[in-house]
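Alright, structures below, take your time with them.
In the two assemblies presented below, subunit A is common to both, partnered first by subunit B and then by subunit C.
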Partner chain A sequence: MTYLADVGALARKDLTLELRARDTLPAMLLFVLSILVVFHFVLPPESSDLAAKGLLWVGILFTALLGLTRAFAAEREDDAIDGLILATRDRSAIWLGKALAVFVFLALAELVALPAFALFFTDIGGGTIAGVVLADVGLCAVGTLLAAMATASRARELLLPLIFLPLAIPIVVGGVGASVGSHPATYAGFLALYDAIFALLAWASFDYVLTE
Partner chain B sequence: MIRARGLEKRYGDRRILRGVEFDLTRGGLLVVTGPNGSGKTTLLRLCVGLATPTAGELAVEVERTRVGFLAHEPLLYRQLTALENLDLYGRLYRIPERRERIGMLLERFGLWDERHTRAASYSRGMLQRLALCRTLLHEPDLLVLDEPFSSLDDEGAALLDRELAERRDRAAFVVATHDPDRVLPLATAKLALG
Partner chain C sequence: MRPDRLPVFAASALALMASAVAVVAYVAPIDADQGFSQKIFYFHVPVALTSYALFGWGAWKALRHLWKRDERADLESYVAIHLGVIFGLTTLLTGSIWAKISWGRWWVWSSDQLVLFLVLFLFYSAYFMLRFSVEPGPRRANLSAVYALFGVALIPVSFLAIRLSKDIIHPVVFKSSGPDMSGKMFLAFCVSWAAMLALAGTLYHVELAGKRLDQRLKELREVLAS
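For the complex of A and B:
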């Protein structure tokens, strides 16, 4: 319970910081809406709904990347990450708290993006929504770990996409499959398996990532 | 509490520390001096576990969460108020009667009236006072202080003198400073780097 209390305190801190600074969520919202508008004009009118749903996943992936780029910005300022490292009994609580906050930001962006997608392109079914939720878990679990790794680098803005996008490919495969595939449940199961494995790996390795 | 033998730290080809040796027990105060770039901050980061030695032996017999570290930077969140910052650390350190302890420290360091002000609006001296509150919040067994008197006015420095003297028997101290005279009366050992 004390571990979860630490996670709750850290996630609440991130939500409070975002409410004050408003520098991540508005950017994510603006970005995902902009990219949907661009896709609306990029796709020829006779294009299939399948192509549109593929582009939805491009939008989700890059919106998540935008949020992850900012994930540890507050910790970089004034080296607050050092304070957290010293104060937490289990450093993985920092990862879980941060991943939860990023998940909330991404889910809020999608709450706007998905209806906008339905308006611009085509209806969204239950398979797509389930796929988005499962994909969000994986994107946030893996992305938060990689964002912490990239934070230590001076070229963090370059490094994060380079290490994140290859690891996100299975999520895109699962997400697109759940949206348009003939066996959405299979792809949803694949996403759930990815989430479980990579969340476990990220949780177990975060302490090592924070070690110099 | 801390035992260092032949301690060495390198970053790539650059050797920051070499052959550092010292012992520190409870009630001891080690003053670390040296010019800029001599490795004072690196040594402090090694002592608190934020860095690992390249060679040599460093035994710190204190749990990580029982260490109080005052760094160059305040290790605080600028968009949170003083109260919110200390409350976060109080929760993570699992301090019993957290609110009372935070209130007492803010009062003592003259920040009570500014407790609902965001740290971003604080002056450098106020930030240093708030960072000291964070450092002392959990009554650490080992206090590692990097230039603790920097940015403090006379009143703040006198306050810190008093805090160090009060905790003398309960904790061990490692203090890096360009102004060793300030802590020499309390010092039990001195380490000159560079």
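For the complex of A and C:
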């Protein structure tokens, strides 16, 4: 249980930080609303609702990216990450705690974005909601590990989208399929498979990303 | 591999390449459906398979680095992925030429393999961005290795994703019931594939030798400077 206690403490730390400083979630909210407005002007007037549903996934992907870019900002300052490495018994707890915090931010942003999408464009069904939840798990699991990698490099914010987007393409396929496809369950199953594979891989390899 | 064996290996790769060209040109029959242009298949598919083999080899070396702390594995993994990207780009180019001849367009999203190679090309190009924006050292080796391992997981997952995302018009040559080819076609294909693997192996050892020499030179310079 000590492992879960570590994870809980780390996730709570990020949420408390956000509650006090409020520097990530408002940015994500404002960004996703802005991008929905951009979509309205991107879509030609006679385009179908399917196109809008596809574009929703662009919005989700980039909102997640925005949150992930900031994910390790607090740890980077004053090399606070070294303290975390010393404090935790198992370093993968840092990954899990951070992924949970990012998941909460992303879910909160979507709690505003999805109704806004329904208001601006078209209704969303159960398939989309299931797809969004499953996709969020994958985005946060993979994204947190890649954000830690990007933090270690000189390029940082520049690097994260480059390494993140190719890995996120299967998530987009699954998500769009769950939203607009005729067999949403197949795509939801695919997303669950993706989540399982990459969460396991990220959990097992996070130790190596942090240490030498 | 010992350096004195490399010329022999390179010569056999060259001989295999020459015989592959000969077998493809003279032994393999003209395809009844697509005519002469189908012969690009004997290069396109072996190059693609060799590219997978190189990515797999790179991931294997990455695993060796993380697991056994094999010091030489980092450079070997990098060289394999570097060559894999070059072979992957060749796959994209030959595939594009074949698409133009068969389907009349330079790029078709309906071809699973081409789209997969585009995704992999983007993914492994970012590998270089990652690798060269981190200071050389154990940290960089770890990050590169983890990224390379993500790559081999991405290959089947992306393939499944692309299959799911569209209807299929790409000719599927390898089916579960065995290859859909005549004996001579299969022979040409095998010779060509062996040639590509030998070529990849030669390039791998040449690049590795060069990189090791570079490293050695750098170490010697540091010794001299201090």
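Here is the rule we go by: the second predicted complex is superposed on the first by the 212 of 212 C-alpha atoms of A that agree within 3 Å, B and C clash if a C-alpha of one lies under 4 Å from a C-alpha of the other, contacts with A are read in each partner's own complex, and residues count from 1 in each chain.
Quick note on the criterion: a contact is a pair of C-beta atoms (placed from the backbone, for glycine too) under 8 Å apart; a residue touches a chain by one contact, two chains touch by 3 or more.
Worth saying up front: this structure is predicted, and the values here are computed from it rather than measured.
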| item | value |
| --- | --- |
| Partner chain(s) touched by A:G67 [first = subunit B, second = subunit C, both, neither] | neither |
| More subunit A residues in contact [subunit B versus subunit C] | C |
| Touched partner set for A:L165, first subunit B, second subunit C, both or neither | second |
| Which of subunit B and subunit C A:T186 touches, first, second, both or neither | second |
| Contacts of A:T16 with subunit B and subunit C, given as first, second, both or neither | first |
| Partner chain in contact with A:D6 - subunit B first, subunit C second, else both or neither | first |
| Touched partner set for A:G131, first subunit B, second subunit C, both or neither | neither |
| Touched partner set for A:G175, first subunit B, second subunit C, both or neither | neither |
| First, second, both or neither for A:G83, with subunit B first and subunit C second | first |
| Subunit C-contacting residues of subunit A that also contact subunit B | 211-212 |
| In the complex with subunit A, residue positions of subunit C that touch it | 66, 119-120, 122-123, 126, 129-130, 133-134, 137-139, 142-143, 145-147, 149-150, 153-154, 157-158, 160-162, 164-165 |
| Subunit C-facing residues of subunit A, complex | 142, 145, 149-150, 152-155, 159, 162-163, 165-167, 169-170, 173-174, 176-177, 186-187, 190, 193-194, 197-198, 201, 205, 208-209, 211-212 |
| In the complex, subunit A residues that touch subunit B | 2, 5-6, 9-10, 13, 16-17, 20-21, 74, 77-80, 82-89, 211-212 |
| Touching residues on subunit B, where the partner in the complex is subunit A | 48-52, 64-65, 67, 69, 71-80, 84, 88-89, 91-94, 118, 134 |
